[in-house]
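Presented sequentially are two complexes of chain A, the first with chain B as partner and the second with chain C.
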Partner chain A sequence: MAQSYDRGAVESFGRWREFQAGMWAWILHKLTGWILVGYLFTHIAVLSTAVGVDPGAAATEVDTYTQTLQGLEGLLIVRFLEIGLLTVAVFHILNGIRLLFVDLGLGLDVQDASFYASLILTALITLSSLPTFLGGAL
Partner chain B sequence: MAKHYSSFERGNWRWFLQRITAIFLIGALAFHFVTLHFINHAADISFLGTQARMSEIGYFSLMVTFLVAGAFHGVNGVYNGLVNAGLEGRQKQIVGTILIIATLLLIGQGLRVAVAMTTLF
Partner chain C sequence: MSTQLEQETEIEEEPTESRESVAERLSEKRREQIQEDLDTAEKTIQLKVFRYDPEIEGKMEPRFDSFTVPFHKGMTVLDALIYARDRYDSSLTFRHSCRQAVCGSDALFVNGQQRLGCKTQLGDLEHPIRIEPLPHQDVVKDLVVDMQHFYDQMEAVEPYFDPDELPEGELEEQRQTPENREKVKLSTRCIWCGACMSSCNIAAGDNEYLGPAAINKAYRFAMDEREGTDRKKERLRIVEQEHGVWRCQTQFSCTEVCPKDIPLTEHIQALKRESIKNNLKFW
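What follows is the complex of A and B.
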């Protein structure tokens, strides 16, 4: 029979020193989720500059959309924020895959190790993506 | 026999949709990053380039599905987090309603943007 585990209300964050891997995975998944959904709203707001673009201006790349996106990409801080976003997204994806397995009851006895693996893989993917994200015209 | 474990509760469609959208988003988010950072460098993005991609029916429908799935998964995740933190009663109803309105507005504006980016219509 399927069983659900009632964890109750959120843990007391004052006891953070006692948290184990699973709790940190839970906290990081929530945190990265909040960041991603916040970014989604911001992303659609920025992309809204595509509404009502003048075709003549678009042909010479002086339209609002192109100017806004290329202008943002020209800022070093935006490049670093994008690297941060990549880190957040990759961790959320990898830990999300881990959670899907946990939901199926698979790998419960290695859920600590799979959390550490998610962290290490996130770091490796982020580091290997740095040249791409920092490359191009600034 | 070992006890079967699952966090599923019968009849909980939001639980099910959260997992289905998660599986879709794993691929869609990875594809989005690869397409718009590695294949097409973000610094070189232009309206005409975006329009060319969004005028392909496969890419357009993938992006629209990505928008709807991402909006549901994200906002439902926020709602779950708040309920988990103790949100209940009238507050839960009000927050739920606000989040539903925010999701519909996000999807509506996203569709408006998607239509502005394509020559399909």
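What follows is the complex of A and C.
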């Protein structure tokens, strides 16, 4: 009778070097999707510091919310995380649109080209955002 | 049963040992023969072939054997395997029959991709050439895998033409419009080789998933206008079940490896849309 065993490098993710466009698109889409969900929680946490803020304090920028935001924006690492977030979101949206076309049965024979296009566009958008995100911080 | 998980014995080790010295155990005469072949060939090519035989003492440990074979222009991976079997080791086991990409016997994992041995030119590959049995299927011996599960999934979509009405005379043709023929044309090419199923990450994780080939087969009949609307509904019911079309995550692996160039992902997506339409339709 046949037996099964772990054939090491042959099995699924151990073969990542051999993955082609469609598979990479899938991995990156799931990854970016879940990163966005993770961001949603930190986003809510930061926004919640605005709850019950005294309008007087807010006007002079000494309320918790403004302080928290200014504190975060002052950290260089936060600026880089923001760039990362943009990259992740832009890729997810562009590849998401690609997947919607795939669902409609459009352009399936150029699915690899459209994946590369979303990567390149993501890179361009990220690069052009650098002055905005790093302005004043460097 | 297609949906039952079989009891399996797991052997955890990865094959590390590689025997380079197959030739050393051959007779003097055979070795001279091989040497002559190698000397007269354009060049020589090295194969690293997966070996495993759970029934023979000493072969139960998976390993790779190395064979040096003479290369001639136009030679395929299957030709090289046949040479290795005929000259080096008659116990080297693999399936083949037609040698022309028709019978679907020799889907193998060659240099990290599912390919048909008889349709893959040796000249197009990087050396040494690594030949393994199809991943995600149980290995029976050497390069032979157990295809039963794959066949069960194919059967599950009832892959038989089932028209609404038969033509009048017994010898009449069952006519189809050219447009409709065009629509199902590519899907009819499947040779049941199992390459697609083996490449599919979802099928690897979900043993009950019908898999690309079976869904393609369902497409072939569901889209055939000669079958009636009721039959089409039944066919859609099979593919829209939990382990049917909706498992597909459009990774395109199956489409990449299919030796008959069937646009599998496209057909799966078409059936997804078809089953949504079928369920929304209330008139």
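Here, the second predicted complex is superposed on the first by the 124 of 138 C-alpha atoms of A that agree within 3 Å, B and C clash if a C-alpha of one lies under 4 Å from a C-alpha of the other, contacts with A are read in each partner's own complex, and residues count from 1 in each chain.
The rule is simple: contacts are C-beta pairs under 8 Å (C-beta built on N, C-alpha and C of every residue); 3 or more make two chains touch, one makes a residue touch a chain.
Values in this document were obtained by computation on a predicted structure and should not be read as measured data.
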First (chain B), second (chain C), both or neither touched by A:120: neither
First, second, both or neither for A:23, with chain B first and chain C second: second
First, second, both or neither for A:33, with chain B first and chain C second: first
First, second, both or neither for A:52, with chain B first and chain C second: first
Chain C versus chain B, contacts on chain A by residue: B
Which of chain B and chain C A:105 touches, first, second, both or neither: both
Contact residues of chain A, present in both the chain B and the chain C interface: 1-5, 7, 9-10, 99, 102-105, 108
Chain B residues touching chain A - in the complex, by the definition given at the top: 3-10, 19, 22-23, 25-26, 29-30, 33, 37-38, 41-48, 50-51, 67, 70-71, 74-75, 77-78, 81, 84-86, 102, 106, 109-110, 112-113, 116-117
Touch list for chain A against partner chain C, complex: 1-12, 15, 17-18, 20-23, 25-26, 99, 102-105, 108-109, 111-112
Parts of chain A lying in touch with chain B, wherever the complex brings them together: 1-5, 7, 9-10, 30, 33-34, 36-37, 40-41, 44, 47-48, 50-53, 58-59, 61, 63, 65-66, 69-70, 73-74, 82, 86, 89, 93, 96-97, 99-100, 102-105, 108, 129, 132-133, 135-138
For the chain C and chain A complex, residues of the former touching the latter: 8-15, 50, 54, 62, 109, 112-113, 132, 135-136, 138-140, 145-146, 201, 204-205, 249-253, 255-256, 263, 265-266, 269-270, 272-273
